[in-house]
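Going in written order, the chains are labelled A, B and C, and every chain counts its residues from 1.
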């Protein structure tokens, strides 16, 4: 576990404790997020990694209370600089969204409204929190575009989303998130839709912004290669639970949970050219009758190291420097 | 842009030409107006004189040639019944019909857009279900029957509003200048609006539901936009396109459906005139009415397509749009 | 459609109690219309059997026939209950047959336009689109004016006003299907083109067509009633629902509401019930909803 809050002089920028979000499904309740905890300091980038369906995106939406009904948050706390923000009234939460915690989504072609000018959309975001004139809002938007390195920002404000390239659109989305100098930005697969060279530029930009502005980033992705160079710390999610966490370098260099081992192993860069990439066995997490939570390790149905003991709650094994894994048989140890 | 416009205009002209032939042939194939117009006791000489006067003895294609030449110079001939130029007869009825149709469209829009947005914004709410049930009622129950019910309630039972006719006519041939004029206008306009209202509610609801579920609304919410702004900015702008399209096109059909409402409420507009003309086999009036309505449709279609480009920046104005 | 698909569809349909009620109402109305000669106390088309002394009797009054007119009588002395049953029979006969003819004609045009394509398909769909942009009431008006009055003329007008909807629907569904690989595959086998058309394209266009035919029958009933109301429909000796309403209209203002209102309610309930059934069918048959 991370150190308890209050131990340091300043509370972390964003902290999530025991978050649980569930959706009613056909066969009972589905716990998309099941007791997730993490914290991010000012200027820190936390990578939240997992395959699709692991609950990483729902975690992001849950932080701002944006889970679509019938999904709902049933347990846990979200703390912004030590102040609980979940359970706030709709309007109080609205004042936090965009102003103190902002979001960036995967595909800006979907998130930017195609029939509205970039400037109109960004000005609306400005005026959602600050009572300024339309002209002042456009000026703020122009500045924000300049900050993320968009050339001739004035002209871009007059454009419609389809007139911009994919990388340009994602910069617009990041600029929009930066408008109110938020304490934290939740970025949900923000570079997945971009090609690799653009991706690299954006990642460098984000690193610079985090260092310069002190904004905390929650970087949600399925792509371990992306976060390995970007993030300070990593949380690996599987089936709604964080199975391994720690400093990014430590997790990448010596993954402990068999799932993380498989993830790291599937990144092409670490292998000899021509070698076959190891593949993870297919399978579904076990589920109790009526969707009841399974207390054991949920990865055991696909795990090469699984033994009968894995049906019992896995212990938290520590490997120093905050690197932990929830596993009966972590890698690098004898079972 | 210019090429697009010219192409569209040429296409519109072609449609008009084809329709004029069809309408002319169709209408002139009806019965024999001589039997209707001329006293059976008339002498053969009188008959022959009248036939010549109306040009009914010429072959059809020559009649059409005459007709199209006259139409282009704005001359649709004289009404067999009223014995005055058809164009001025129809145009004298036009303000009444336009006033009715525009008021009906306004009622439908002012009620339909908010109701539809609400039903799409809160699809599971009981109020939304009531709205949707009402919209099915609105476009499935025949217009004339709703008109009868309106008369039964507002005129016969509660004696609040007149059951038919039109109030005093003021400038521009409109009756909207006096309160009395409105007492006559409101029931027929409401009657004519209900079908469009039902249609519009469903259209707006579907659009709203789609937009509300979209990623850009989620993004807008994540930026902390207040709900009224999410709806006002994103929903209104996005549903504007289909609404303008369908509504532009529906304006023509509102004029056509005015036929029914005008008959029920004894409203002295073009619709009532066409029904009377069909019954009396007043061919010049029928032809002119149909040609004018088709012309109106073609013009409306053109305007709607051009409006598209204004509302949706993604639409490139190409010939095949 | 196989038996299990039908059962699955029915399960889906049953989810809406309103739609189930509407279906029952439609079935009841069809039964009433079919059984009219056996249920109705009077034959309203038999001019000799009408007695002008019985004209405009209010509901519940006993007429010269010695039985109570539960819904009153009209201005010709017809028992309204009987007149409504016969009117319903007539309206349904005309609308359903017109709907089916329009379905057959429209589907044939739409399918062949999609299958053959080329200038034929383009021209056919151009005509259909042009017609769709004109309101059905206007087309029906012109046709009735051209063809004169009578059952066949009325049906012709309804078919002409409606076939375009089926053509458009069939064309849309079939041309989407036409582009799929399995049709290409079927065409590359020695199967005849007609066989591909009937065995592959037609079945895939059926679900949307079923919805359209339901809605169009309701529209046809409405349209027929409207034309009759305007005095352009059936002759007065064979009153359909629209004509009954029209006949009663002149007495509405003097408070003899029943002559118009009961046929009107019948018309409204019929059209509404069919539309509700159509609405639910649209949900059930929507491919996006199928899992």
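The rule is short, and it goes like this: a contact is a pair of C-beta atoms (placed from the backbone, for glycine too) under 8 Å apart; a residue touches a chain by one contact, two chains touch by 3 or more.
As the structure is a prediction and not an experimental result, all values here were calculated from the model.
**Q** By mean C-alpha position, what chain is farthest away from subunit C?
**A** In terms of C-alpha centroids, the chain at the greatest distance from subunit C is A.
**Q** Which of the two pairs, B-C or A-B, is linked by more C-beta contacts?
**A** Output for the comparison: B-C.
**Q** With chain centres defined as C-alpha means, what is the inter-centre distance between subunit A and subunit B in Å?
**A** 54
**Q** CA centre of subunit B versus CA centre of subunit C: separation in Å?
**A** 24
**Q** In subunit A, what residues contact two or more other chains?
**A** As it turns out, subunit A has no residue touching two or more other chains.
**Q** Mind pulling up the subunit A residues that touch subunit B in the complex?
**A** 64, 66, 94-99, 102-103, 105, 107, 110-116, 120-121, 124-125, 128-129, 160, 162, 173, 176
**Q** Taking the complex as given, what residues does subunit B use to touch subunit A?
**A** Going by the criterion above, the answer is residues 214-216, 218-226, 229, 233-234, 237-238, 240-241, 311-314.
**Q** For the complex, which residues does subunit B have touching subunit C?
**A** 15, 23, 26-27, 29-31, 133, 136-137, 140-145, 148-149, 151-152, 155-156, 163, 249, 252-253, 256-257, 259-260, 263-264, 274-275, 278-279, 286, 290, 293-294, 297, 301
**Q** So in the complex, the part of subunit C that touches subunit B is made up of which residues?
**A** Subunit C residues touching subunit B: 18, 130, 133-135, 137-138, 141-146, 148, 218, 222, 225-226, 229-232, 242, 245, 249, 252-253, 255, 257, 260-261, 264, 267-268, 271-272, 274-276, 279.
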